[in-house]
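Below, subunit A partners subunit B and then partners subunit C, in two separate complexes.
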Partner chain A sequence: MSFKQKFALAVLTVAVAASLGAGFLAQSSYSEQFRDAISAPPSAHFWLGTDELGRDRFARLLYGTRVSLLLAPAAALLSTLIAALIGGAAGFLGGRWERLVTAGVDLFLSLPWLFLLLAVRALLPLNTSPVTSVMITFLLLGCLGWAAPARMIRAGTRTLVSSDFLVQASASGISRWRLFWRHLLPNLRPILLAQFWISIPLFILSEANLGLLGLGVAEPLPSWGAMLRDLENYSAILQNPWMLAPVVLLVTVVSCLQLLLRTEDRAAC
Partner chain B sequence: MLPLLLRQARRILLTVLLGGLLGATLVRLGPGFGVDERELDSRLSADSQHAIRVERAKENNIALFYVRYVSGFVHGDFGFSRSLNRPVAELLKERLPLTLKSLGVGVFGGASLGLAFALLTVWWRAPGSDFVPAILSGLCLAAPAAVIALVLFWLSPWIGAASRWAIALVVFPHVYRYAKNQLVATSESPHVVAAEAKGLSSWRVLWAHVLTPAAPQLAALAGISFSLAFGASIPIEVICDSPGVGQLAWRAAMDRDLPLLVTITVLVALMTLVVNSLADLALAAWKPDAGSAAA
Partner chain C sequence: MLTRTIAVLLLCGAAAASSASELRFCLRADPKTFNPLLVEDDASETIRYLTGGVLIRMNRYTQELEGELATKWKVSENGRRIDFDLRPGVRFSDGTPFSCQDVVYTMRQLMDPALHSPVGDSFRSAPGPVESKCEGSSGVTLRFPAPVAALALQFDQVAMLSAHSAAKESAVLGPFAMGEYKPGVHVLLRRNPNYWKRDANGRALPYLDAIRLDIQQNRELELLRFRRGELDIVNKLDPEMYDRLSSEMPHAVMDAGPSLDWETVFFNQVETAPLPEYKRRWFRSDEFRRGISEGIRRDDMVRIVYRGHARPAVGPVSPANRFWLNPALQATSGSESAVLALLEHAGFRRSGSALLDRDGNKVEFSMITNAGNKLHERMLALMQQDLARFGIQLNVVTLDFPSLIERISRTFNYEAVLMAFTNVDQDPSAQMNIWVSSAANHQWNPEEKTPATPWEAEIDKLMAAQAGSQDRAKRKAYFDRVQQIVAEKAPIVFLVNPNALSAVSPSIKNVTPAALRPQIYWNVEHLQVGNPLVSQK
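This part shows the complex of A and B:
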């Protein structure tokens, strides 16, 4: 691991620890309103000031980080699992099933990601509770993000299926089920890990885009995407540059994830 | 060439049919389907209300609904937008040219910038020669398209059309990283080392022995770039207040106008597929081996 990657890992660890310890670090809840301190500047009590509803920006940033950093990996795990099952089975079984999956993957990949997300998000209720909206947003990301990983996993499976050890295992009479679970899937682990790591920044950025468009996590629950909506008020940012904290943290965390990703990518190749 | 052409046509047709089915199902399952506010109009007679119910009952059969949906789609009837109270075809006719122009300029700008930086990195080869493009591409990759659009919108009094710049900056990092990897791999191949050992000028080596062999792979980026740019056009057009298809899709999502949103999605998928197929066909015409490999 290079110095840059160690640094990235340290930054990520601090971000995750701070978000998990939000209850201790923040002096108030993310939804508590201080009506006598509307749009207040940073102070000893409000480290990043308050928003136009009088809520502590620092508390919202920590809780928003928790939402994004816990749920994006969960969505990535879901999409990787779906991709492993679909792509792995397609590569393993071959024939018609493989052609069908390839056509499905092509269809999914030809639909631009945000258009697809928007179409399916609009189908679901918009006036849900904050917790339901956060679940819907990340579940949607997990369920719709399987196509690109499935393509990679299918290609990896095809290579493995024709490898000597699998041919030998197959010739020794092992059932196809056992061949898939005991011999194929464990050897796909590097590809699955790489796809998992690749999906996390993608999902964080997608949630941010959806949030900025008003289709992400519902108020008062904070997320990075929802907090970025403050940036639309340009004149306020010039006077209160600390409002840029969510975007700085988002870019830093995604950059750190990209830096770490390269190791996983190399391992997958 | 002909089998490739047929394969691409089959792929597009299949996608339209499957996309249409997906779209029709989404519209059919979407909230508000089967509800007609005209039924609440007390001025309508019982016969008129009955006629409305009969008309709607035809849409309850999903197979029939899908056939009508696809048939309308093929004939250029993309349905009616409930939120904007106008035919979808009319809305698209108004907004599509602006989006396509933004995408064309943005993708060309981003691809040119990425390729120029990649060439510079390969040509220079000094330690740290890729410092500036690496930082710039890293920042562009780590920032959501909406944030890039926001920053450029603030700068628009000085730089002009923010949406085109934003699309260029979304495309640039992907082109730069892919092009750099391709060009570095080619520049380290034995034929390039041999050309350098023979004393050819660095420009000639770069042009004839690095760029030309890597060109088919770089051309394949065109399709991916358009797909990326289409996706990014939604937040960019919303933030930059550019009245294109991306902004229309967002308004449709906010107003829950599923017929409009689904039609836009299917059309955008179709356009992406056509661009991808054109890139594949151009590649096959230029270098038959690469074309068949890409297919």
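This part shows the complex of A and C:
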């Protein structure tokens, strides 16, 4: 592991630890409104000031980080697993299966999934708690995010299937099942890891985009997406630059995730 | 030399880009129709206001009716009949003379059931034809099958059509006529050369040569273009934009005080709604609804969400509506003891941090609102904390607008909703479709076959009485009582009346902002584009 990667890992560890220890680090609840201190500047009590409802920005940033940093990797894992199964099987089996999956992936990528997210949000029971609601949002993102990685994995699998060592293994009479699990999947590891790592920032940004549409995490639960909505008011940013903290953290985390990728993994993206 | 040439070219370009007598502002969407009788949407209404000639116009500033194409009018037979004396010598924009036959033709078109005119609905007090006949060369008599509430005021919405012009709806009597329409881009209105009105010095109005209405949905872009001087008016600003602009261009922003609009909450009281029985009982309890209403700190909403640009609402009439407001209504106290007393009287009790009903059910309900509306989201966040003081858990659900409408008007699968109502009319008759129990927009329980409660039955009678009376004082008394019942029973919880906020370029002269729509250009024929520097001085 290079120095850069160690540094990135340290930053991510600190971010995750801080978000998990939000209850100890933050002096206020993320939802408590201090109505006599709306849009307050940073102070000893409010390290990043307060938002327009008088809520502690630092507390909201920590809890928002917890939501985004825990759920985005979970969604990325889910989408990568689905992609590995579908893309890997298509590339391995070849023929009409491959054509079918390719067509399916193309179709899937061309559909406007935002409307599905809108529809699911509209169909959820009204008294769904904010936590359940955000978990469903990320679950959906995970279920819908498999198509692009599946395409990469299928292509990678095709290359591997025609490689000398697999042809030799196949010729020596190894079963197709064993061939898939023991020889193919381990060699797909760089692609799978790369797809996993690049999916995490993608899902964080997707949630942020949904937040910008007002369809992300429900009040009063914070998320990076919900906090990014405050940045629509650019003149307020100039007066209160600490409002940029969620952006800084988002960029830092996404950059660190990219740095964590090994050179060969990055090449597989 | 080259620099000087470029500077001259730039100056010429700027001058050409900004015609001295063209007013520019934005429509949020394409107009759905140019037929003034079919207007339903905001954009079409703007076009109708700017191009349509009406018999009677309500002055948005004084809130009094004034004759336009009619010099005199008289309502008689308890609101069934109206006689107009028409202004002589008036011509449509294409030169066709205006006569009583045009009024008769317009009314016939308006009341044609096949046309489904939303404006015509205001006149349909009972089945049967409208008798319309010319009286001499400049008189018209209209007789309706039953009394029409606020009959004269209804003509503010009726733009006259030409019976004889080949141009049909394009022949207009308003200050401007249709020039050019590029879908998705702009609507260009040109000065009506035959407009009848003149200023005090006898100069023909309007002063402006044209109005350019750019179709622009994005409010941020609209504001940016206003800042760059590409637009002259932003007719409805939200408080955040207003404050932002106010700090940069203090002379350009205008706060005309409370508008007629409401921000409201109502609970689902529909009999067939898919709600647990105990929740239905809560929502039908007068004390529960009043308790919620009392528990919401409206002052905080005004201060924090609206940045002071709103007024806590006391009922269905805005302070902007000076005549119809019931002055006896008091703002809610918001005191904890008052709220707890109401809730305890309704059988609710505190248990730890939660509020329980008499059967031990925890008081928790959801409130839906339209996604992407920052003001609503903030109001809901404030309400969450306000109600949490009493152990009530409020779950916020933001939905896309079609889903929201589907739930509140078809499936009734909701518990409570936060909604904005836009009012364009001051007269209580415009609220018939909300307060009458059989009406489709009786939102908390639409289209009741018979009034579900005695107080709804009383409101039905009062609304019918005010609609059937031509005595303004009596109508006021009836509607005052309606306002009082609404305050006591809280079927709709009125939160705030947002202020009418707008931005106007300092180069526009004769602007007199009013609380009623259209706030800035209601006197469009008198607006002038001048030198901004001179105007600012």
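Assume the second predicted complex is superposed on the first by the 218 of 269 C-alpha atoms of A that agree within 3 Å, B and C clash if a C-alpha of one lies under 4 Å from a C-alpha of the other, contacts with A are read in each partner's own complex, and residues count from 1 in each chain.
Criterion: a contact is a pair of C-beta atoms (placed from the backbone, for glycine too) under 8 Å apart; a residue touches a chain by one contact, two chains touch by 3 or more.
The model shown is predicted, which means the values in this text are computed figures rather than measured ones.
Trainee: Tell me which partner A:Ser235 touches in the superposition: subunit B (first), subunit C (second), both or neither.
Mentor: After superposition on chain A, A:Ser235 lies in contact with subunit C alone.
Trainee: When the two structures are overlaid on chain A, which partner does A:Ala122 contact: first (subunit B), second (subunit C), both, or neither?
Mentor: Once the two structures are laid over each other on A, A:Ala122 reaches both partners.
Trainee: Is A:Ser170 contacted by the first partner subunit B, the second partner subunit C, both or neither?
Mentor: Neither partner.
Trainee: Between subunit B (first) and subunit C (second), which does A:Ala218 come into contact with in this model arrangement: first, second, both, or neither?
Mentor: A:Ala218: touches subunit C, not subunit B.
Trainee: Is it subunit B or subunit C that touches the larger share of residues in subunit A?
Mentor: B
Trainee: Let me test your reading of the model: by the given contact rule, A:Glu52 touches which partner, first (subunit B), second (subunit C), both or neither?
Mentor: second
Trainee: Which of the two partners, first being subunit B and second being subunit C, lies in contact with A:Asn187: first, second, both, or neither?
Mentor: A:Asn187: touches no partner chain.
Trainee: Contact-wise, after the overlay, does A:Gln33 reach subunit B, subunit C, both or neither (first, second, both, neither)?
Mentor: A:Gln33 contacts subunit C only, not subunit B.
Trainee: Could you list which residues of subunit A make contact with subunit B in one structure and with subunit C in the other?
Mentor: 118-119, 121-122, 126, 213-215, 232
Trainee: Which of the residues in subunit A come into contact with subunit C in the complex?
Mentor: That would be residues 31-33, 35, 38, 52-54, 118-119, 121-122, 124, 126-130, 213-215, 218-220, 229, 232-233, 235-236 of subunit A.
Trainee: Considering only the defined contacts, which subunit A positions touch subunit B in the complex?
Mentor: 103-104, 106-107, 109-116, 118-123, 125-126, 201, 205, 208-209, 212-215, 225, 228, 231-232, 234, 247, 250-252, 254-255, 258
Trainee: Which of the residues in subunit B end up touching subunit A in this complex?
Mentor: Subunit B reaches subunit A through residues 11, 14-15, 18-19, 26, 29-31, 138-139, 141-147, 150, 154, 227-228, 230-232, 234-235, 238-239, 249-250, 252-254, 256, 258, 261-262, 264-265, 268-269, 272-273, 276.
Trainee: Looking at the complex, which residues from subunit C come into contact with subunit A?
Mentor: Subunit C residues touching subunit A: 220, 240, 244, 247-248, 300, 304, 364-366, 368, 371-374, 377-378, 380-382, 384-385, 395-400, 403, 413-415.
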